[in-house]
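Handing you a structure now.
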Amino acid sequence: MIDKTAILGENVKIGHYVVIEEDVLIGDHVEIGNHVTIKAGTIIADHTTIHDFCLLGKAPTSNKKMARKPVVDLEPLYIGENVTIGSHTCLYQGSVLYQGVLVADMASIREKVCVGEDSIIGKNVMVENNVVIGQHVTIQTGSYVTAHMVIEDEVFIGPCVSSSNDKYMASRTKPLQGPIVKKTARIGNNATLLPSVIVGEKAIIGAGSVVTKDVSANQVVIGNPAKELEK
Amino acid sequence: MIDKTAILGENVKIGHYVVIEEDVLIGDHVEIGNHVTIKAGTIIADHTTIHDFCLLGKAPTSNKKMARKPVVDLEPLYIGENVTIGSHTCLYQGSVLYQGVLVADMASIREKVCVGEDSIIGKNVMVENNVVIGQHVTIQTGSYVTAHMVIEDEVFIGPCVSSSNDKYMASRTKPLQGPIVKKTARIGNNATLLPSVIVGEKAIIGAGSVVTKDVSANQVVIGNPAKELEK
Amino acid sequence: MIDKTAILGENVKIGHYVVIEEDVLIGDHVEIGNHVTIKAGTIIADHTTIHDFCLLGKAPTSNKKMARKPVVDLEPLYIGENVTIGSHTCLYQGSVLYQGVLVADMASIREKVCVGEDSIIGKNVMVENNVVIGQHVTIQTGSYVTAHMVIEDEVFIGPCVSSSNDKYMASRTKPLQGPIVKKTARIGNNATLLPSVIVGEKAIIGAGSVVTKDVSANQVVIGNPAKELEK
């Protein structure tokens, strides 16, 4: 079902049982799998591939209990050139994926997220709202990127890394601040990052560590709580 | 494909490529997205929203190796008023969601689960069978709720929290018992709860903690194994 | 949409909005749910059940940044007899599931994976490429199986267990080696396994442990880093 106001470029391939809503803009040489829904206004640039069972351009939702209501007037979702979007993914309105990004299967990216060139968002990675991810970043399978987190260029985040942004856990009065991970820092699998910690440039966080305070540039930390590795 | 025995209320909106099986009952002002399957007998109350790619009312399955076979004669899935069900979710037969509940994208809820009013089941949260979740509970993205777990009213569970219920790991002879989390307790991200631990009222579990024994009311614990925070 | 070159056995049930591509081979008494895509060449043996929203036989993808390009000439996906594939799953080309396997909802299995008879791949479990999983293995909900990992027969992996294979985190020069888990070993929930560790036969890893070095047969380890349990 392709709405008549949608604009499709040259040589676009579209699978079976696809829904493309009003005012969607699709560039040249785009491939779209089966069972895909593209919500109103979404923009997809040239040479991009969308796999099966994707939902693109979803609007945020909320319930009565949610302290922080989602923003209402969002820009459309913008997906750049040469991007690949895996199967069973869900990408929200108001986010931007620059060229060459790979979003793997079953990942989710909420509103007001920016993903820089050639970065990889791994399988089943959940990226919350208001996140900035630099260029050439790798976030491996199953990691969790909390809202208001910053991940600079060339950072490597291993699998199953967890982050949070609410020191007082649902106190509802303090501002939320996720971790800030500086350029080329590396984080081992299943590490835990507490709210607002800063991980310095080229720092290394060992697998399974619990990072409760800032880590300096070039520092290597391990353990629970994470401490500098003895040499 | 809407079965002719399904009953739809007034002002129901249904997307494209939707399957509604026999004897489904849908209230007034319900919105159903694209690519949704609603299994036989499911009941959806007024003013509820179902997003794209949902599977509602699934029956349990098993294989030869599974020690504990699923129950066969389950009640239909019941989804109350003003509920929101995110995209790519899977909800089983025999569960009840009370009014105002939000189930976020990619979450799963198995059979014999009860979710109280206005509670939030976060993105990619997996809730196993035979779980009781109270009112105004928040379970954040990526947490895992094991079978036979109890979560009382107003509990806050941060992201990526893990729980288990089988002290002997597949011994197959002992009864399963998940953790019991008392009213308004708060659990930090990526914490690990061992089988049958009791987390007392207003207790706080630090991020990344491994809770190996009961935590008293108002106690604050951190570390691996989790111990009372020194003041 | 069933391609005319696909071959279907006797008594095959197919749901609504299903796509079956060229040269797919489906045995007798197979049941296929709604909203399913089966890619070219996939083979499904007798008495197997495929639930809704599955993608079977996906080809690997990559982007410019990925150091290790996926293999191109893969065998088709082979799914054996009496297998059950849960909803919203994604299984790649070049993998083999032996008879009696259960792949639960929202799980993912990449290319060059072998899953032995009657093993269970739990809900939301992500299995990467080049993994060998033995017979009668249980991998519970939300666990992560890294590439180049070996899991022998009758191993029990609890929920939310994490593994990794890249000691130098994206150095791109060393070979990747995941953990090797020997027969009947048991791993508690949310444990972290570092690259290339060997977990011996009948060893037990406590919940929340961080396994930084090899664990001997019959050893019981807990903590961060994991150490032998004092008796």
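Labels for the chains are A, B and C, by order of writing; each one numbers its residues from 1.
Here, a residue touches a chain if its C-beta (ideal position, glycine included) is under 8 Å from a C-beta of that chain, and two chains touch if they have at least 3 such contacts.
On a predicted model such as this, the values are computed, not experimentally measured, just so you know.
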Same or different: do the copies chain B and chain C touch each other through matching residue numbers, with over half of them shared?
different
What's the rotation angle, in degrees and to the nearest 5, for a C-alpha fit of chain A onto chain B?
120
Per the C-alpha means, the centres of chain B and chain C lie apart by a whole-Å value of 24
Residues of chain C that touch two or more other chains sit at 17, 35, 53, 88, 106, 124, 142, 160, 190, 224
Partner chain A, residues of chain B touching it in the complex:
15-17, 33-35, 49, 51-53, 82, 84, 86-88, 100-102, 105-106, 118-120, 123-124, 136, 138, 141-142, 156, 158-160, 186, 188-190, 204, 207-208, 222-224
Could you list, by residue number, the parts of chain C that touch chain A in their complex?
1, 17, 19, 35, 37, 53, 55, 58, 61-66, 88, 90, 106, 108, 124, 126, 128, 142, 144, 146, 160, 162-164, 166, 169-170, 190, 192, 194, 210, 212, 224-225
